[in-house]
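Labels A, B, C, D and E are assigned to the chains in the order they are written; within every chain, residues are numbered from 1.
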Amino acid sequence: MQRIGVFVCWCGNNIAATVDVERVSEILSHEYGVVYSTNYQFMCSENGQQLIKTAIKEHNLTGIVVCSCSPRMHEATFRKTAEAAGLNPYMVEIANIREHCSWIHKDREEATAKAVILGRTAIAKLLLNTPLTAGEVGVTKRALVIGGGIAGIQTALDIAEAGYEVDIVEQRATIGGRMAQLDKTFPTLDCSACILTPKMVDCAQSEKIDILAYSEVEEVKGFVGNFTVKIRRKARYVDETKCTGCGACMNACPSKKGLNEFNMNLNTRPAIYIPFAQAIPNVAVIDPEQCLKLKTGKCGLCQRKCEVGAIDYTMQDTFIERNYGAIVVATGFRISDLKYFNEYGYADNKDVITSLELERLMNAAGPTGGTLLRPSDKKHPKVITFIQCVGSRDISGCGKPYCSKICCMYTAKHAMLIREKYPDTEVHVFYIDIRTPGKNYDEFYRRAVEQYGVDYIKGMVGKVYANGDKLMVQGSDLLNNEQITIESDLVVLAAAIEPEPSVRRIATMLSASIDTNNFLTEAHAKLRPVESPTAGVYLSGMCQGPKDIPETVSQASACAAKVIGLLAKDKLKSNPCVSHSDEMMCNGCGTCANVCPYGAITYIDKEFRLGGGKTETRRVASVNEAVCQGCGACTVACPSGAMDLKGFANKQIMAEVESICKR
Amino acid sequence: MDNTELTNRLKELSGTNVRQCMKCGKCSGRCPMFDKMDVKPHQFVSYLADGKIEKLQNSKSLWYCLSCMECVERCPRGVAPAAVIEAIRESVVRPQGGNRLQPEEVPALLNDEVPQQLIVGAYRKYNH
Amino acid sequence: MFKVKLTQLNALLDALAASYPVFAPIVEAGEANYGEYKAGAEVNLFKQTVKSAKDAFFPQSQDLMKFRTEGKKIDIIDLRRDIAPFVIFGVRACDVKSFEILDRVFLSEPVDTFYKARREKGVIVSLACAKPEESCFCTNFGIDATAPKGDVTTYTEGEYLYWIPNTDKGEQLTEAAANVLESADKADEKAVEEQKKRVGEVLRRLPNGDLDLSEFKPEKLNELFNDPDWDELSQSCLGCGSCTFVCPTCQCYDIRDFKTNDGVKRFRCWDSCMYTDFTKMAAVNSRNFQLQRFRQRFMHKLVYYPSNNDGICMCVGCGRCVKKCPISMNIVKVIKKVGGKKHD
Amino acid sequence: MQEINEKYEPLIVAFCCNWCSYAGADLAGSSRLSYPANVKIIRVPCSCRVNPMFILKAFQRGADGVILCGCHPGDCHYTTGNYYARRRMTMLFDMLDYLGIERERTRVEWVSAAEGNRFAAVMNDFAAKINELGENKRLEDLRCKN
Amino acid sequence: MQELENLMIKKAVELLDGGVVDRVIGWKKGEFYYDNTPATFYKKEELNDFVYNGFCGANLSKYLVAESKKGGKVLVFLKPCDTYSFNQLLTEKRIDRDKVYTVGIECRGHLNIESIRARGIEGVVGLEEKGDEVTVKTLYGDAKLKRGEVMLEKCLSCKTKKFAHNACDETIVLHEMPEEDPNKRFSMVIELEKMTPDERFAFWKSQLSKCIRCNACRNVCPACTCFKCVFDNPDSGIAAKANDDRFEEKLFHIIRSFHVAGRCTDCGECSRVCPQNIPLHLLNRKYIKDINELYGEYQAGAEAGSRAPLVDFREEDINPGENLKEGK
């Protein structure tokens, strides 16, 4: 039997002017369960709160209803008041008689009658309240960053800076990611490697950062603050602790025909290789598909050449398991497949290349040593045509519906760099729209046009076909309303970018939601842009959506700030208004987990007594209270009504309905 | 039929959503008959979107379009300029009554110069 | 004996309805059920009603009382109402017999006053069967479907409904319908006799007209209870209540409260021993498995009730459950299987 | 008819999600935008918390109209809640309509925390509609009326 | 039919003998040919009572929920429409697939004794099926009927005679089964939609007022496998046992159809078992039709593991009631 206290607030004149507060507290004092009812000028004031505290103690109240302003305003205040008087803070209900009553109704009778009903409804709900306690869980003070590109590096560095340990898991043999492949960066045109590699070195040197390169996440268990992650360390066949990165093995290797992924397959590398000069870790790796020793058992030259004995052909994948408090996804992007765009002849003509290939062709460490030469005949191209929006903004099903965001800027960069270095080169750019929002971005693009004389053509290319050693680029020039054909030596496609495909697997493991384009979904597009809806999972860089380097770095740091905020806590206090499943009624059908945006629901097998000495094992839902955010989607999806929401239980809401409808 | 009604009817007849066009001009970039056309393929889409039907109905382009579907095939927005042209063409042809190309007339019209595609297109255009 | 043309059935009912509320087999959305007759209603005397006639005396839901809280006071309000005499029309012999079975439960001490009030005011107009069905097995329970009792007995033959008052109540009813009823003659009496003979012949060859009930004796209660065949018989039972709700003799009920906008109403409603919450008590349920509940139904009808009521079975062979069971499991199959072997 | 309408005081239950619509109602309040007093609001965490059972319960108890307000699609505090609510309510409304129950008695509106004006306008409009429709007869439970 | 039955028995014997399964779920002969009962057979000899004739409309898949909790493996015979329920139960993890051996069987549509009675043919004591003809023996003489006249509603508007994907370990099909049009089942729904709200209200009022709350529809429904139904749970706030007010039936049937919306495979059992012959399938089909139209074609149970439309969404879904506005 509850003992309820009712406190009607005048809110000065805000409520009292239109609601007869005296009468409201009088009428409510007769409600079932109410043992004390009063009214006061300002309940939220020091004195008002004292009044409540005294009443709770004097009348042994088990719950209170405050008829006042919106719960969004002072629910927290009155919960604290109740707690201070020894009452469970969730035994407090607010009847909103200001915003929802006194402020909107002029008729005093009408407003008073409504206030009574709202008060009565709050009492009806409170009668069914149960004390709730916020759960507490510890936090493992270590973060995992999945992906070692600029996003992952920046996030890891910032977290390490704050004093927390971070692991970077990188699927490739080195960290650095896509940015390491770039030549120059817009809009300042500084050398990509020059700004990236120091950060890579910082990572390697940080005591707090553990780089797990050539590794993949295998399994994720747990929840915010308490993840357990199994990581596969792929066999390198080179002992990381011994290898000095001297490169002797590379020279010794007889199998030199492997395509160099770092150079976008534009040249070759040996079977044992270091991806690039500044690789971190600077350790060789053997391509098992290419290595003669691993394939045929005959060779072993590199092992003989290695002075430190780092090479081990018997190496196997190993697994490690670590605990983390937070997980950052920074899996990045790749260039999308152009197989549906044969009108541009990418597959048929060596001299039709993607922009990322052009980066390598222009880079001093690239296949041509930085001299721009056509892949086909190694001649200097005299006419270069760029095509924008290849596969972006395409809803025909062949490409991506979104704008890849970075192409306008990097194309302007390429055009400018080429005109700068090879002034005799003619550069044309077919564009649909030029999108250059960003600090100094539009100025940059205009410089390409005005200062470097790049020919921008508003229109799209219809087809590219070879004519001798020339590439004929036929397209429309919409401003001149002409169809033009440009005889070019090199065609560069600004291909759409897409999320790194492995992200799908990772998102599933993390139960982080993913959109139709495979970009991870943020918890709130505007207000929580670096968090996944799954608590404890954060998003950094391109995995969340197309963005350039400055934006990636800012997001990475924002993400780090969020992670630090989490790791700084010793305990996580969870919102106690969460779902819970009545195991006796749960069918284990799996419907609830389908609608849970947070992956808070799992299923466990449990034994039940059936009576008559019989038992049976049933699959039942189990809600992780630390992860559940209390939206209630599962409660309605559940056909048996086993799922209910604490604080907003079925019975409570129905009691409110009944109370309102009582005439 | 007032203009809005006609425009809507033609939009419906074309079966394509002209609002999806992002004005990239790829259709015109691909069109093999571009030079012969007074109104260009991309303009068919934007004129229809704007309800400028008369201009389209009076254009020579109507009769130059081969219905080769080059413009349709790789439109990134799933718009079909050829279908727009077809719709406009029908709006002109239908009121003319039965003066269409008959199958038996085709052999006489054939010679080595005429591209196959044109014959296919002609059937499509004049024989329904 | 009186008669009225079947085409004048509604006129007859209108005449009765002028003085009494009349419950008759009314067709609604293709099915016949007892319902209050209103002028123009479609009455079908040839179709077996889905629900039995027991609703007239023992409605599926019935208000008992109401609690009203005012402030912190509680008022208890009796919801018993005076019942005016009413007519229940077209009751077949099996259903007439079922009233006797219900009476033994509700009218023995302590008397169920709600039932008694209705039972006393009911005027029963019975109807002889003209065309028994294969599902009928009333003959096993000493019922003559051609000669139902009741305050008035009626027959449908040819184009007439024949009307024979049996009791004072029946005579009064005849008065009320005097304007519609005409006197019958010798030929009419002969027609009725011939129908009885004809139908009697059909009743004799009913496929389940002669079941062996000899095994169901109180002294064999334990053996019957422990019969291993209950398992198989109950295995496919869905646990729905259709057999119990169409049954004229099932009389289990539940008492529930309903929160209205003005206090709490306490009502009773039919319960079914097939339901999982049957005999659910505060702490436990004594029948946790469908086998137990299934067995309860048939043991009740064939053993428990007869042992307390002079050997009378709690079944009238109306065949409704035989027709309506979703999985075609029924009392006949139970009698044949369990009663078909010795329990010593 | 006129007489009955005069006596008839429609009862409207409004379920509002805590993050958008309830805040929108608060804003309507602080902007002193009035709407009929027979609209009573029940706060729920998200529109997806609203079970069709609640709506039917309200009608059973004598409500004449039920409205559900949530964040605009895409703006859900819990990212996807209102998408589920949208499908559920679409289905429920279809069924009520199919059973011949007046389609205007139930409604879903998306009201953001900034749309105080809209909240008041929606409630005024809905209340006027329910007033026009008259008493809820098709989904009433007579036991609740006396 | 006889040939099919023989093959089924042969298959059952083979699997029992081979130790693949230790019991068989099928139909057991009744008294009158039309009253077959679902039953479990443990021994070869018991299969003498095994039957497969035109009155095996009952969907056996729901029994597997309880069966797969027991030890051993069970053989079940599934008609094409039953395989959808089976898959749906797999989706909802109600059946342990490893404990069930499924044999899909040919179906020509099953018969309805109620339809035969509704034709005034009473006292049916036996039947004979020959091709498309059904001979009915009654206490009052014989009658001949066409199969198509007396089929179960669910068979008259059969959605498909194709087995659901991956549902059957093997199939026994002797004759080619006709292609069915999955949309023909919506004709009555469309007819109702065309009525005015008043007419619809009158229709449903008349139909639902017959409901006796026997729960047969719920208990037979393969989508209703809750340990405790909300209507039996006093804590749910809507528990009810009796038709105390007309509102109850509406509430019961609205909530029940809503709970199975997107999960109902349209097996038609609810209507088959209703003692008052309420066309309950029309409620479920309304949901199916609306889901198909608003959220894309979806057949529950076609694919085990598929995501039900009500636990899914698209950003561009319509707003509630939008499809009901005047003129739409």
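As a convention for this text, a residue touches a chain if its C-beta (ideal position, glycine included) is under 8 Å from a C-beta of that chain, and two chains touch if they have at least 3 such contacts.
Keep in mind that this is a model prediction, so the values were computed, not measured.
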Intersection of the contact lists for chain A and chain B: none
Chain labels contacting chain B and also chain E: A
Far-end chain from chain A, centres as C-alpha averages: C
A-E against C-D, pair bridged by the larger set of C-beta contacts: A-E
Maximum centroid distance from chain D, chain identifier (CA atoms): B
For chain C paired with chain E, centre-to-centre distance based on mean C-alpha positions, whole Å: 30
Centroid spacing, where centroids are CA-atom means, of chain B and chain C in whole angstrom: 77
Euclidean distance of C-alpha centroids - chain A vs chain C, Å: 67
Approximate Å spacing (C-alpha centroids) for the pair chain A, chain D: 35
Sequence positions of chain A contacting 2 or more other chains: 595, 637, 650, 654, 658, 661-663
Shared interface positions of chain D, touching two or more other chains: 52-53, 57, 61-62, 74, 80, 84, 88, 143-144
Overlap residues in chain E, where contacts from two or more other chains coincide: 228, 230, 236-237, 244, 310-312
All touching chain pairs, where touch follows the definition stated at the start: A-B, A-C, A-D, A-E, C-D, C-E, D-E
List of chain A residues in touch with chain E within their complex: 584-591, 594-595, 603, 616-619, 637, 639-641, 650-651, 654
Contact set on chain A toward chain D in their complex: 70-73, 96, 98-101, 103-107, 110-111, 113-114, 117-118, 121, 513, 521, 523-525, 533, 577, 595, 597, 629-633, 635-637, 645, 648, 650, 653-654, 656-658, 660-663
For the chain E and chain D complex, residues of the former touching the latter: 192-193, 197-205, 230, 236-238, 244-248, 250-251, 254-255, 257-258, 261, 283, 286-287, 290-291, 294-295, 309-315, 317-324
For the chain A and chain B complex, residues of the former touching the latter: 341, 343, 389, 393-399, 432-433, 458-463, 474-478, 481, 483
Chain A residues within the chain C interface of the complex: 30, 32, 610-612, 658, 661-663
